[in-house]
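We call the chains A, B, C, D, E and F, going by the order they appear; numbering starts again at 1 in every chain.
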Amino acid sequence: MIRTDGRKVNQLRDVKIETDYLIHPEGSVLITVGQTKVICNATIEDRVPPFLRGQGKGWITAEYSMLPRATESRTQRESSKGKVTGRTMEIQRLIGRALRSVVDLEVIGEKTIWIDCDVIQADGGTRTASITGAFVALTIALGKLYDRKQLSHFPVREYLAATSVGILEDGGVVLDLNYEEDSAAAVDMNIVQTSGGEYVELQGTGEEATFSKKQLLELLDFGDIGIKQLMDVQHAALGELATKIGEGGPETV
Amino acid sequence: MIRTDGRKVNQLRDVKIETDYLIHPEGSVLITVGQTKVICNATIEDRVPPFLRGQGKGWITAEYSMLPRATESRTQRESSKGKVTGRTMEIQRLIGRALRSVVDLEVIGEKTIWIDCDVIQADGGTRTASITGAFVALTIALGKLYDRKQLSHFPVREYLAATSVGILEDGGVVLDLNYEEDSAAAVDMNIVQTSGGEYVELQGTGEEATFSKKQLLELLDFGDIGIKQLMDVQHAALGELATKIGEGGPETV
Amino acid sequence: MIRTDGRKVNQLRDVKIETDYLIHPEGSVLITVGQTKVICNATIEDRVPPFLRGQGKGWITAEYSMLPRATESRTQRESSKGKVTGRTMEIQRLIGRALRSVVDLEVIGEKTIWIDCDVIQADGGTRTASITGAFVALTIALGKLYDRKQLSHFPVREYLAATSVGILEDGGVVLDLNYEEDSAAAVDMNIVQTSGGEYVELQGTGEEATFSKKQLLELLDFGDIGIKQLMDVQHAALGELATKIGEGGPETV
Amino acid sequence: MIRTDGRKVNQLRDVKIETDYLIHPEGSVLITVGQTKVICNATIEDRVPPFLRGQGKGWITAEYSMLPRATESRTQRESSKGKVTGRTMEIQRLIGRALRSVVDLEVIGEKTIWIDCDVIQADGGTRTASITGAFVALTIALGKLYDRKQLSHFPVREYLAATSVGILEDGGVVLDLNYEEDSAAAVDMNIVQTSGGEYVELQGTGEEATFSKKQLLELLDFGDIGIKQLMDVQHAALGELATKIGEGGPETV
Amino acid sequence: MIRTDGRKVNQLRDVKIETDYLIHPEGSVLITVGQTKVICNATIEDRVPPFLRGQGKGWITAEYSMLPRATESRTQRESSKGKVTGRTMEIQRLIGRALRSVVDLEVIGEKTIWIDCDVIQADGGTRTASITGAFVALTIALGKLYDRKQLSHFPVREYLAATSVGILEDGGVVLDLNYEEDSAAAVDMNIVQTSGGEYVELQGTGEEATFSKKQLLELLDFGDIGIKQLMDVQHAALGELATKIGEGGPETV
Amino acid sequence: MIRTDGRKVNQLRDVKIETDYLIHPEGSVLITVGQTKVICNATIEDRVPPFLRGQGKGWITAEYSMLPRATESRTQRESSKGKVTGRTMEIQRLIGRALRSVVDLEVIGEKTIWIDCDVIQADGGTRTASITGAFVALTIALGKLYDRKQLSHFPVREYLAATSVGILEDGGVVLDLNYEEDSAAAVDMNIVQTSGGEYVELQGTGEEATFSKKQLLELLDFGDIGIKQLMDVQHAALGELATKIGEGGPETV
């Protein structure tokens, strides 16, 4: 099977991660996955949300948005509507939860890392691109804290990346769906995985359809292929910082 | 391993489904799973949302809420806060999507079935209890349309039920987590499955933790056990209506 | 005159009050008045609103809501609309004010008692059923504080109950209107009364109609009959706690 | 007993009604009751709310607001808070309901009369002053429709006025409470009455207090005195229009 | 050229400023400019917004609103809409900024002066009338602080007034546009000026039109004429307080 | 005087306009002015707002936003706050008004052109950069309508650009203030001008300061210099389209 954009079924789109994209954020990345482009910025704030105060532990939280014309037809701004949609909330909760799973929050201390993922162009896979790019922005921001001797050891334990896999209407399993494929897919699954091969999130959804255990295993195999390649791109983008990931320290749990 | 409430690791809590719970709704169910109690009501409305108008196809949508004292300490009402939380939005999107996957929406015609899941007492697993109860309320409401000859055939293709599985901090896999277990779990997975054994939704989340493919397969096996028992309770609750599910008709796709 | 449901003009509907209805709240009651069913929960919070801080005095406040399908046709949730209606606000202000009139707030100390009245089925008289049920839930919650020796004496001075009376379109005066009667009534009056026979609230409204002083007195006589019977049901539901009401103590004003 | 402002217990404050106060509204009145000043404007709109469409019947609705410095200390604007308080909603529902009770809505046809009551200075009794002033503004606006031959007969059946009565802490009954008295009163009652002496609304509230049937009758007697005087002022303000009230016509029900 | 209301091109409408208009505010003014009427109230609050705390400096902020029937057809209340329009926000930011430019905020100390401008009747020029009236209300309120010896010297450095100028469709330059002229004007400019002849704000807008540097200078000349006359009215309204303006003191910058 | 970034007082920062920046919008531009970067997208919608329906005339409207980390410290998203700030509203009203002044709206017909200006990096002058970039995005979008023969002639009459000028604390007049200068400036003026040298908007504001007529003229002279250079960059970015501007046609007014 050849896909509409000429890719093989288990082939990722071209991925690029450009670091230091903006001048103000502590970590700033532009990630490009095919035609999907997301600016991922990390901000360090010297306090934690109320439910964590006094515990000596940090927090990572994310916000996600799209420019109105990131999409083919214009989408109304959530600020004009006066509220954030359910889809946006799901995505930003997912990004935050995923990133927190590979970071020692105790090492960060009472700080919040804000992750802002702003999609400037959308062609499918914006949430998985956001996670993949946000991991790099977060690591860069934590690198700055580390260089300033504000951390006892580097708190990122493993790489983290995300991709989508799906089952097309004809039953074919594919990796990294673009918007056209995603709209027509019977099953759509987002996979967030660590460099150790473990899952952090697995969200499979039949869109008025269902999938069997056998299909699930095929989907996961394709996911493994994609995640590995994404981590290679992250590794290259991080440069020297890459060596710090997982080096742990005396306090590592 | 014996659990804090004395259950075996692969044992569901007691499940009861009481039908015709309230007098006004077209379908009304009180589902009790251990100490968790959810009122699930189905309402038939004679129109569809704007994006479906003129397509001759129906829609199923869900809303979910908790009484302020469904929980151990009082939770502020979303109506007082003036907005619905991200958690609520995720859950109501999940319930609607799951139910739509086992119903022929074309057969319903331009009608919306509203599903209201109101948790009056919470002890873990409120979203999966909601789906399991809502399936029964929905089937009863569709049964009324069918009896009034408003449907060419019965549009429910298969049973649908949901449960949770998880990995406790000690690494043990368990079925149907109560609130205490859920709060302490390292991994939490919600499974929505059909009577054909296929998955509709699979949402596995590591809470500052991860899980391997091997653990995933154990989780799914436990899920199979729970889902089967839940469907037995649904079957009993539906009485004669149970025979209509999956009988299809000439228009079945 | 025989009413549509066969009652006499001065006859209440069947009233039941089930205590300890839910497990989490400090006081929890299900009150049933005919087909109207309201869950009334009382929560004790260890602080008071800003305007009372530092005065050593407690507060009682109420929230009221209906399930979307408590009513014959589905009502949109206030959380989805993002705001609370004027009707809801009127009712919750009324419930709080009424309960505060029979409780020594000084004895409670700097605590707030939250009263949540959630109507799960509506057939007229939901606000008066809420007050009658809430009185019992509140008394039970205060009983727990008292048993824990946190109160110098029992702070509930008198019983409190509420009912509705009205004038039908044909001019007939009736007690305890159901929804059908309420919709057609020319005059509708809510009466909140104490066991001493005094009024706490009297809200009479002509719906595009008016009423004379003579009719007012007839309405009040019917109210007396209903209130007395409601207090008998409250008394029975409270069991041993009933003996504490009005026993006062050295600090009683 | 002499009151703090020197009035007798059954004495109204000075009342003035200035008509044609603003140039744009169809009816515009400034009512002054002691230090309380309310601008009441009536606007005619050529349509009715959705629930009345196609019934050939009109509607009267009211909005109420206070300037931030109508009060002794500044009150935050409801537009800045982004929501209307429960107190405001109660008052505007009351004003609309009261005015509708003395007008033949069928005669008006499919029009809405908007009543805007804006309190520019508050010293107690703003809701009753609003009703008394709004009645005049409404009558003037309807007079314009009548002069343009848009009404088959004059639709105002009776005069309508409102005042407050109350029981002070020492047990004394008083008419027309100013802000100082209102703040300290044990019982507060708003009375809306027609020129026929019938009640439209009766809202008596014990503020952490109660009242007996005997006290109720005393309160109502004081109300009769005040209402009569207010209607004399309304009569004078309306000039020639006063003769139209209650003249009815062939279609009168 | 004679204007529709008979004025000469460089002639202001009749201006009146009535002081002590309401009893509660520290400064209260009714300003009338032709048919435009605005109540301007000044409130002194003993704290500053968070961004100024601890700097020993005061703040002046403004809110602006219109009664629904200040305008020819009824405008929906911003409190009902639940949000303030962009136009309102622009105007209230302008009023606050303008007033702050002529007051020594350091002399006021950590206090906020709230300015409320409520338009009760609108016929063009409501924002400039608001500034002109608010200056007087503010000065009166500061006079009270000064009389209570709470200010080291009188903090108002200069008079401040505002007017509008514009270019009509026929190219004619006019002073102080009424609503009819404003609606039809090609260019509209608001000028806020001090008694020293300096500009505080200059906001010129071509409404689907443009203007040249030469026209700009003509507009400014007309503005000078209007501002001077407005300051004469302010001077008269302030009475003895007028002598305090600009008297400065040892700390004057 | 040499400025902190080494520029001369009448020197613009480096300006770049990159066209076809994103793939979906009808017109898409990235404008860079020094460190300020704004994405300007134009969307064509086939309808007009309600107030224009049936007049055969088009409309241009703008929305403006900043990424949270466009600024040195993170700014909360307006979608999270649930409302748009006054500053944002002022800016988007300004952008829309300015663009409408150089376009024949009748030629466009009943279409709305939405302009989205999203600041991805801010260093002062974001609103003027937005106008300058938006003019190019708008012209490109209109060029597409023109190429599809949907316009009788090209509706852009003149170039439009915007810049800021200001007076620093030391009294020096400067062109194109960066963020550091803007924060410290005594007077700040935004100038929107056409290629014919006429003004569309002139917004001069003393920040707790004032300016004289003489200073105003100096500011305008500096503005002329900046605007001219900005139009040269717009001209180059538009390529062949540049020749269409102002060519008009038989219907030109």
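The rule is short, and it goes like this: a contact is a pair of C-beta atoms (placed from the backbone, for glycine too) under 8 Å apart; a residue touches a chain by one contact, two chains touch by 3 or more.
Everything quoted here is computed from the prediction, not taken from an experiment.
In terms of the stated touch criterion, the partners common to subunit C and subunit E are D, listed by label. Think of each touching pair as a link: the shortest run of links from subunit C to subunit F has 3 of them. Hopping across touching chains, the smallest step count from subunit B to subunit F is 2.
Averaging C-alpha coordinates per chain and comparing to subunit A, the farthest chain turns out to be D. With centres computed as the average of Cα coordinates, no chain lies farther from subunit F than C.
Averaged C-alpha coordinates put the centre of subunit D at 52 Å from the centre of subunit F. A separation of 34 Å divides the Cα centre of subunit D from that of subunit E.
Counting partner chains per residue, subunit D shows two or more touched chains at residues 82-84. Viewed as a contact network, the protein chains form a single closed ring in which every chain touches exactly two others. The touching residues of subunit A, when paired with subunit B in their complex, are 83, 85-87, 89-90, 92-93, 97, 100-101, 105, 189, 194, 196-213, 216, 220. Those residues of subunit E whose C-beta lies close enough to touch subunit D in the complex are 22-25, 28, 35, 39, 41, 43, 45, 63, 65, 67-72, 74, 77-84, 88, 114, 116, 118, 120-121.
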